[in-house]
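Listed below are the structures to be examined.
In the two complexes that follow, chain A is the common piece, with chain B as its partner first and chain C second.
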Partner chain A sequence: MDKKIKKVVKQTEFYILCIIIVFAVIIQIRSGQFFTSNNLMDLVRSMIVPGIYALCALLSFVSTGADVSFPLIAALSAYIAVLAGNTWSLGVVPVFLIAVITGCLIGCINGFFIVRYRFNSLIVTLGTSSICSGILFGAFEAGRTELPEKLYALSKVNIATVKNESSGLGSALPGTFIIMIVLYAAAYFILNYTMVGRSVYALGGDEISAERAGINVKKVRFGVYVVNGGIAAIAGLCYAMMSYFYMPNEYAGAEMLVIAAVILGGTRMSGGIGTLKGCLLGTFLLTMVSNSLILFGISVYWEKVVVGAIIIIGTAISAMQAQRASNPFAVRRKKEA
Partner chain B sequence: MDKTIGQKKKTLPFDENVRRLMIILVVLLIVTGVTKSASFVNLSNFQSIGKQLTEYGLMSLGMGICMISGGIDLSTVYVANLSGICAGLIFQMNLPGNVAVGCLAALCVGLLCGAFNGVLISYFHIPPMLATLGSYELFMGISVVLSGGSTVSTQGQIELLSSLTLLNIPLPFLIFIICTVALVCLMGKTKFGTRTYLAGTSEKAARFAGIHVNTTVIKCYMLSGLLAGIAGLISLSRLNSAKADFGTSYTMQTILVAVLGGINPNGGAGRLSGIAFAVVILQLLSSYLNQFPTISNYYRDLIWGAALLLVLVFNVKISQKSGKKKD
Partner chain C sequence: MKENVLCVKGIKKSFGGVHALKGVDLTIKKGEIHCLAGENGCGKSTIIKVISGFYKPDGGTIEIDGKEYANLNTAEAISAGIQVIYQDFSIFPNLTVMENLAFNQVLAEKKKFVNKKEYRKIAEEAVRKINFNVDLDARVESLSVADKQLIAISRALLHNAKLIIMDEPTTALTSKEVKRLFAIINELKKEGITILFVSHKLDEVFEISDSITILRSGENVHSCPIQEMNEEKFTYYMTGRNFDAVPEKEKISFEERKSMLKTENLSAPGFENISFDLHEGEVLGIVGQLGSGRTELSLALSGMLKPFAGSIFLEGKEVRLNSVSEAQKCGIALVPEDRLTEGLFLPQPIYKNISVTCLDALAKMAGVLKEDDEKTLSQSWVDDIGVATKDHTLPVSTLSGGNQQKVVLARCLATKPKVLILNGPTVGVDIGAKYDIHKLLRGLAKNGMAVLVVSDDVAEVSALCDRAIIMKAGKFAGELKGEELNNENLYKVTA
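Right, the complex of A and B next:
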């Protein structure tokens, strides 16, 4: 039992949870609005899309390195799916299928360049996201688009609604929440209980060892980027469903915050380490900060300052932890030499 | 290290990549001249090209230095905006000598922001990409707070900086050339340059060679910040205004230019002179595309992205070929 507690205390997730609780309590004391049903519901609502994006970021960080293309993959594949859905008045499932297939195809481009030529994943994904934005705005001249009828009907369905008696504010949990839960459950199962999932971690931890252990490194890495494209596409459609319209300009720029959230959640940039729990907590923390600053009594103008400061402090702590963790090794190695 | 020594022995002035870029530039000039001679090849057009490329050209130089040291600087654009806003606010104050103070403040802000990045990366061991990611949020936030979220406008106190032309060459372009030459000398001829290359190639080796890697890295990011500060001033003088979220697409462009210019994103290799040519090529292409009104501006994104990937592949192929030759 004692060991278990020690192990929990050592994890980054534990610290994030502490910070979340401290923030929550302070906000509650200052405004009395935090632990209200509608505020919590709003928080969950606004972390759905970043939460799904966080899966992409986690997968790419654990296996290779940064991926910044997911918002634009999301935008492009969602647009193609919405367009196809509108022209052929498709149902919900075909629309999602088209989105996922498009996303996977764009993911293939990422995977091809990263695996075949071993380029820095950040640079490659920057390139593909630029290509996607060129196709989206240049070739398709995408603008605000209405969703296909059936998808629109589905997006109006809420799985739960709450109403705050004292303030009269209500908020609803959209059906996309279920999509997020399903994706996380699937990711949890695959990452922890299947050969493929374990090889993703192995590959990020030490590529040569993974190869020696019989893992097809290239295949796994390529697969990760293809899957990333698919997940991003789902997130793109979810985003469109939650705003009831497809708006192409709203997608770009989400990547930085998501990456920050994932890193805050304890994912190591150098690969091999990272959990879904941390992902969710990190996303929750950043969503909470940007959503609750007003409750905190801080002007909205300060949002970016606070978020930036949290990213810097959070990453500094985890970077220094990693440094300390690797230090004893260095000393030992020197002695052996 | 063998490779760099080999390159130095060559009698030709530039390395292979830069020469290739020069050929591309000449070909591009000929193509543009032949197809759109009347509207493209005239003085005012070249002057505007020279003006437009300065801002992101300077930032790309900074990005290049950071990449050579083994990092990346995603915050340059926001450093530029922050220093532009600071200068603009000081200009608004109507104090004696506030123009000089404002310009100085912009440069100092750039240096400080760079130093901040450098300290985060070297002493706190935050991966460069993350550190500059966080600091870009921070700098943008500070700009928003300082400017109140709106545009800071000036009455053209430093308009001369962007409008003056010497011998028909616009002053911003001259500044860009001066900065490029100075930095090429700095990186190629001084101890600092050699140290930066070594730190980028292998931090551990640099440490064992007795180099203060931390100081070197901080200096690199300070240089990048300073360049961003100059870019911010030029953009302030060109637009007579500064805004917290101005030029967000430049981040992508600066990385693209640095990679096109032959800088190795993993650090330790590349020449800054390549960046200068890459900037000119990009701006030429972009102005050339503007000549065709039917081509949407957004296609530029597509072309840049594709160019980035193609150049990367091309560089790999070339290096493979030369590797085989040596064997």
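Right, the complex of A and C next:
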């Protein structure tokens, strides 16, 4: 039992949880508004899209390296799906399918260059990001677009609504929350209980060992980027559903906060290490900070300073832990002394 | 008559016109510990990869356990009972011990899903085979090198291994850990498992193996039972040249000579109260296991670690060494422990690596450097020390371990030091280069340089040094000189 507690305390996730609690208490004391039903629900609501993005960031970091293309893959594939849905007045399922397929195809381009030519993933995904943005605004001249009828109807459906008695403010939990839960559940199962999932981790740990063990390294790595494209596309549609309109300008720039959240949650940039729990906690922390500083009456500009500081401090903690963990010399010395 | 577990004949393999193997034969009897020896680049790793099915040979036959394989691939090799333990152990540092042990087997069985209970069962079975006591839930990266190796060994045993190939298994181990490894190897032998032990370390080869095959530049040179082998033959077959013995140590007392480097009760993080006196022309050894503080001592003497007590005297004058450049100015040069990460700029050309310590001296007015000056300086050292390279504008990474070490030495000597400190001067260096380096060091000492050799290689210290100080757990543990300085005594004190 003692050993178990010790192990939990050593994890990055534990620190993030502590920081979350501390922040929550401070915000509660200052504003009295944190632990209200509508605030909490708002928080959950605003972490849905970053939360789904976080899956992309996690998968890419664990297996190979940075992927920064997911917001624009999301934007482009969501746009194509919405466009197709409007033209042929499609139902919800076909719209999602079109989005996912488009996302996967763009993911294939990422995967092809990263796997075939062993290019740096950051450079390749920056490139596809830029191409997607060019196609979106140049070729399609995308602008604010209404959603296909059936998708719009679905986006109005909430799974829960609450009302804060004292302030009279209400908040609703949209159906997209279920999509996030399903994606996380699937990811949890695949990453922890299938050999494919474990191969993703193995590959990130040591590529040569993975190859010798008989993992098809190229296939796994390619697959990660294809899946990433698909997940990003789903996030893109979720985002459109939650704002009831497709708005192309709102997508770009989400990657930094998401990557920061994932790293904060203990994912190691050099690969092989990262958990879904960490993803969720990191995303929750950053969402909470950017949402709740308004409750303090702190201006939006200072909010960015606070978020930046949290990223640096948080990642420093996980980086230091990683260094300590991967320094066998220190362990050995302790043993021999 | 014992049957052969492996019999390969006339294996040829070339890579783009380079003949790595020119018809190698290797016969290994069941249940023996067979040593495969040879200098770097002799084709040892290539033949291992052929046996394990990684490379397809251009010619020759492979027979495992009496069955001939025409197109051996890795899966066939594994199912035939061949397991390779690579130098990097092929493990996943980010996963737990349990997963590392079970992963390959589960993958080989083409299972799709993970069953944690099955994992644990496999892992427990694996560690039980060699009585290896380890926390199965620990992440492998937090373990010591020796433990990582044991994980690789126990994993290999899972596959009903008949022949385990160990590629230079002792490189990163301390002598205590080597002993433990040898005990395990002997245990495996008793169970009827055959071991192919790849090494170029003389004493280990004689200690552990039953028979030996020596390769040189892709050809068999000699195979025989270990009883018929001796040190001279071994070095001769390995290198193809006869060595005159390393120059005799000067049988004189150095105490009369001028003191070059002296410490009094020097203490720093990692060691305490170390006092010694190094004289002109003397080669002094500092021997100790990993963690004994020997590395820290060498760092403190070269300005990289700040002592908190005690004093350092250089030629009788007390000095404070706050940085490497100060130590250099005082005439102290250090050959660091790990040349790859602490010593060399691997992608840079050889001549830049040599001239880097003397850039200030080479610089003309306003700090302008002329490349030609750098090249002249470097060429003279390359010739002097005998770095085997066609062209010193090639990157250092193209050189073998021994020649890389010579480059590090050349760079240190280019500063014209009075005191030369070497930490593990011949780690990962083949016999030929080791001999060259030892000869060079003796020569330097004869010309009056004071040399401090920091090492855990007992044989090296006893062959090379005039005197040796033994360190244990950060403290002075004894001193040996003259006739007393031999392998047995050193083993006794260090162990």
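Just so we're on the same page, the second predicted complex is superposed on the first by the 326 of 337 C-alpha atoms of A that agree within 3 Å, B and C clash if a C-alpha of one lies under 4 Å from a C-alpha of the other, contacts with A are read in each partner's own complex, and residues count from 1 in each chain.
In this section, a contact is a pair of C-beta atoms (placed from the backbone, for glycine too) under 8 Å apart; a residue touches a chain by one contact, two chains touch by 3 or more.
Being a predicted model, the structure only gives us computed values, none of them experimental.
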Requested in this report: May I ask you to decide whether A:154 touches chain B, chain C, both, or neither, giving the answer as first, second, both or neither?
Outcome: neither
Report task. Have a look at where A:302 lands relative to chain B and chain C in the superposition and call it first, second, both or neither. Result -> first
Query raised in the report: Between chain B (first) and chain C (second), which, if any, makes contact with A:193: first, second, both or neither?
Result: second
Query raised in the report: Is A:202 in contact with chain B, with chain C, with both, or with neither (first, second, both, neither)?
Result: second
Query - Contact breadth on chain A, by residue count: chain C or chain B - result: B
Requested in this report: Answer with first, second, both or neither: which of chain B and chain C does A:162 touch in the superposed model?
Outcome: neither
Requested in this report: Considering only touches as defined above, state whether A:128 meets chain B (first), chain C (second), both or neither.
Outcome: first
Query raised in the report: Given the touch rule stated above, what does A:320 touch, chain B (first), chain C (second), both, or neither?
Result: first
Requested in this report: Would you sort A:213 into first (chain B), second (chain C), both or neither based on which partner it touches?
Outcome: second
Query - Shared chain A surface residues [contacts with chain B and with chain C] - result: none
Query raised in the report: Which chain A residues qualify as touching chain C in the complex?
Result: 7, 192-199, 201-202, 204-206, 208-210, 212-215, 268, 271-273, 325-326, 328, 331-333, 335-337
Query raised in the report: Can you list the chain B residues touching chain A in their complex?
Result: 72, 120, 124-127, 129-131, 133-142, 144-145, 148-149, 248, 252, 255-256, 259, 265-266, 296-306, 308-309, 312-313, 316
Report task. Would you pull the chain C residues touching chain A in the complex into a rising list? Result -> 74-75, 86, 88-95, 99, 103-104, 106-108, 111-114, 137, 139, 141-145, 148, 289-291, 473
Query raised in the report: Given the complex with chain B, which residues does chain A contribute to the contact?
Result: 66, 113, 117, 119-120, 122-124, 126-139, 141, 253, 256, 259-260, 263, 269-270, 301-309, 311-312, 315-316, 319-320, 322-323
